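Dumping the structure here so I can ask a few things about it.
Chain naming follows the written order as A, B and C, and within any one chain the residues start at number 1.
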Amino acid sequence: MIRENSWVRCGLFAAAALAAVGLAPAPVVAQEFYGTLAKIDEAGEIVIGHRETSIPFSWIESDGEPRGYSVDLCLKIADAVKEMLGKPNLGIRFVPVTPQTRIPLLANGTIDIECGSTTNKLSRQEQVAYLPVTFITGTKLLVKSGSGVETLDDLSGKRIALAQGTTNERVIKAAIEAGGLDVDVLNVKDHAEGFLSLETDRVDAYSTDHILLYGLITRARDPENYEVVGDFLSYDPYAIMVRRDDSAFQLLGTRVLADLFRSGEIRDIYAKWFQPFPTSADVSEPPTELLEAAWQLNALPE
Amino acid sequence: MQYNWNWGVLLQEPYLGWLISGVGWTIAVASAAWVIAFTLGSVVGVARTLPNRWARGVATAYVELLRNVPLLVQLFIWYFVVPELLPDDWGRWVKRDLPLPEYTTAVIGLGFYTASRVAEQVRSGIESISRGQSMAGYASGLTTLQLYRYVLLPVAFRVIVPPLTSEFLTIFKNSSLALTIGVLELTAQSRQITEYTFQGFEAFTAATVMYVVITLTVTAGMSLVERRARIPGFIAKGG
Amino acid sequence: MAFDFGVIFDSLPFLAEGLALSFLLTLLAAAGGIVLAVILALMRLSGYTALALISAAYVNFFRSMPLILVIFWFFFLVPLLIGRPVGGFYSALIAFTLFEAAYYSEIIRAGIQSVSRGQVAAGYATGLTYGQTMRFIVLPQAFRNMTPVLLTQGIVLFQDTSLVFVVALRDFMTATTIVARNEGRLIEMYLFAAAVYFVICFSGSLYVRRLQGKFAR
């Protein structure tokens, strides 16, 4: 169970009281909202940015409905926003983003919160802010089984696909440069296109965060033909992105996550998407010790 | 608006280098595609005016097919679909051993597409010449080949210089679609600079200015051609 | 290679939604573009040097821009500039409207100039103002003359809407790509997309041709 915060309880009580006397919904807490909360209040909807191919964090099937671990977490945050604004019927709108569009669209107000598979990086914090870490991964390589490629060095004289705008792109490009390797790079738009390039033999490897590579394999027609190889080439802590300089909204999100971490509800949500992956019963990824530690560290007391 | 202007970023390495290489790719894609577009477009355009019914039919089908499908879809078909429809060895060759596969695909896609538009200009150029000239040509014993070679084409190509100029400009603009299949041309580079530096205004302004410069240069160059090609007494159609 | 066109059937509702967005974007941008284009054309022909210069600068500027770059501007930077979100669809709509207006205005200018000077003179002679002459005499005839060309430009615009793919706005092209990748059926889906665009645009251009024939009579 989530332990309710005083303001949540107060909000629920007030909402119930209002409903009981049949009043039109009005802001429960008489306070001036600012930033994102004010924007959501005014627009009557919260706009969630989601990814299209980040399995199992945030992706869509052919019905077009976004789903995944990060999306579930954002829906929890949206619930908290509804309570805070006293608007139970607040709209939720989903807007698809890509690695290239997510930061500009958040910064320019098109989306209010980004729920995908985004690494919390200091250089990005010059533009956006992050909620606590929700997953920890790192860069690895996806290759076809039996290709003999184990490390980046083995790709000498071969081609690798990289998604533009990802941390992996920079890590791999930097490693290629640092090692003086002769690796040709194909720029692709997103993970699906990268996987496709590998599947159709356009490239010899695709590189992104290891967990996303597992997700991609689960969607392959012949999963046994692919393998994830190599050591972690980077440290990628995932976090939900919110606008910068908006501590009220950031606090609301942090509080929702801290509650989930503290109550242990996060484990259920995690298990729903990772144990096993919804896209394949054969692939399961229990939380790592590092991730457990991250949850504990961020289970801040009320 | 909270925005930290920093025009200096455009002059820093590697970003300056990216912009320059972007301009280079834009010019490389556009000019190579133009060679295909002009050659193929002239052939198809002429074929549309030939007396031979089959030649006309094939040429018309080509023009209608390529004009009525968005360029983006055509690029995806060249890039994603065609190699898979080829026999395995060939497909693999196209994807791996073909030099600069993305660039080559973009050039072919853009070239074939623009050829359909050039063909229409060539056809209208030929049709703008009065029928009397053809008849006179035939009457004086010219073959169809000679008629086109000595009578129709010299006039037609001079008449269509202005509309061809605008097609030539369009090919530069359309070359930006090459970014969708991974060619890092000017628009792609300006976006990449935005990703690395978050200086979107500066990067996109730089790209915008460069496109305007390309347009002005091409327009100035072509107006010289136009002046030399102009035939007294003829008013070019279209443009 | 085995083809499976059944995947198209399964995702028809999703694809239809995308197509609806493409159509909506085309219609609204065409309407907005034409309104703006009439203003630009009238400015260009107004006889005031300043107005004509502004209009010419606008038209030439947008005609030297690649559409993708204009879309990027309106998607990423303009909302930042005006300090409030515009939303993906409206960003695209504004970008297309402003971009297409440049092309429409050249068509409309040619259309207006195709109406003989005598008619304008006659309008003035009967005491009509510039506005009235344009409104009642010139524009109705001009629009009739240029309807086929405007429609053809509309077909081009419909094809251009596929470019919102670059910012993942869910038009027909984006929807097709999503299905293609989710199901691993690229060949079928892209051929299908080409077929749909072809049928729509080709029928459109046949209609325009018939219209031209009718007007020419």
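The working rule: contacts are C-beta pairs under 8 Å (C-beta built on N, C-alpha and C of every residue); 3 or more make two chains touch, one makes a residue touch a chain.
The model shown is predicted, which means the values in this text are computed figures rather than measured ones.
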Chain nearest the overall C-alpha centroid of the shown protein atoms
C
When the contacting C-beta pairs are counted for A-C and for A-B, which pair yields the higher total?
A-C
What is the chain whose Cα centroid lies farthest from the Cα centroid of chain A?
B
In angstrom, rounded to a whole number, how far apart do the mean CA points of chain B and chain C lie?
21
Taking each chain's mean CA coordinate, chain A and chain C are separated, in whole Å, by 36
Intercentroid distance (Cα basis), chain B paired with chain A, Å
41
Per-residue multi-chain contacts in chain A, two or more chains:
104, 196
Where chain C touches two or more other chains simultaneously, the residues are 76-77, 80, 186
Sites on chain B at which at least two other chains make contact
80, 84, 180, 191, 194, 200
Sites on chain B touched by chain C in the complex:
1, 3, 64-65, 67-74, 76-77, 80-81, 84-85, 169, 172-177, 179-180, 187, 190-191, 194, 200-201, 204, 207-208, 211-212, 214-216
Which residues of chain C touch chain B once you look at their complex with the stated criterion?
1, 60-61, 63-69, 72-73, 76-77, 80-83, 155, 159-160, 162-163, 165-166, 173, 177, 186-187, 190-191, 193-194, 197-198, 201-202, 205
Within the complex, which stretch of chain B touches chain A?
2, 80, 83-84, 92, 95-96, 101-102, 180, 182, 184, 188, 191-192, 194-195, 198, 200
Contact set on chain A toward chain C in their complex
39, 47, 52-53, 60-64, 95-98, 101, 104-105, 107-110, 192-193, 196, 199, 219-221
Give the list of chain A residues in touch with chain B in this complex.
100, 103-104, 126-127, 159, 164-165, 186-189, 196, 200-202, 245
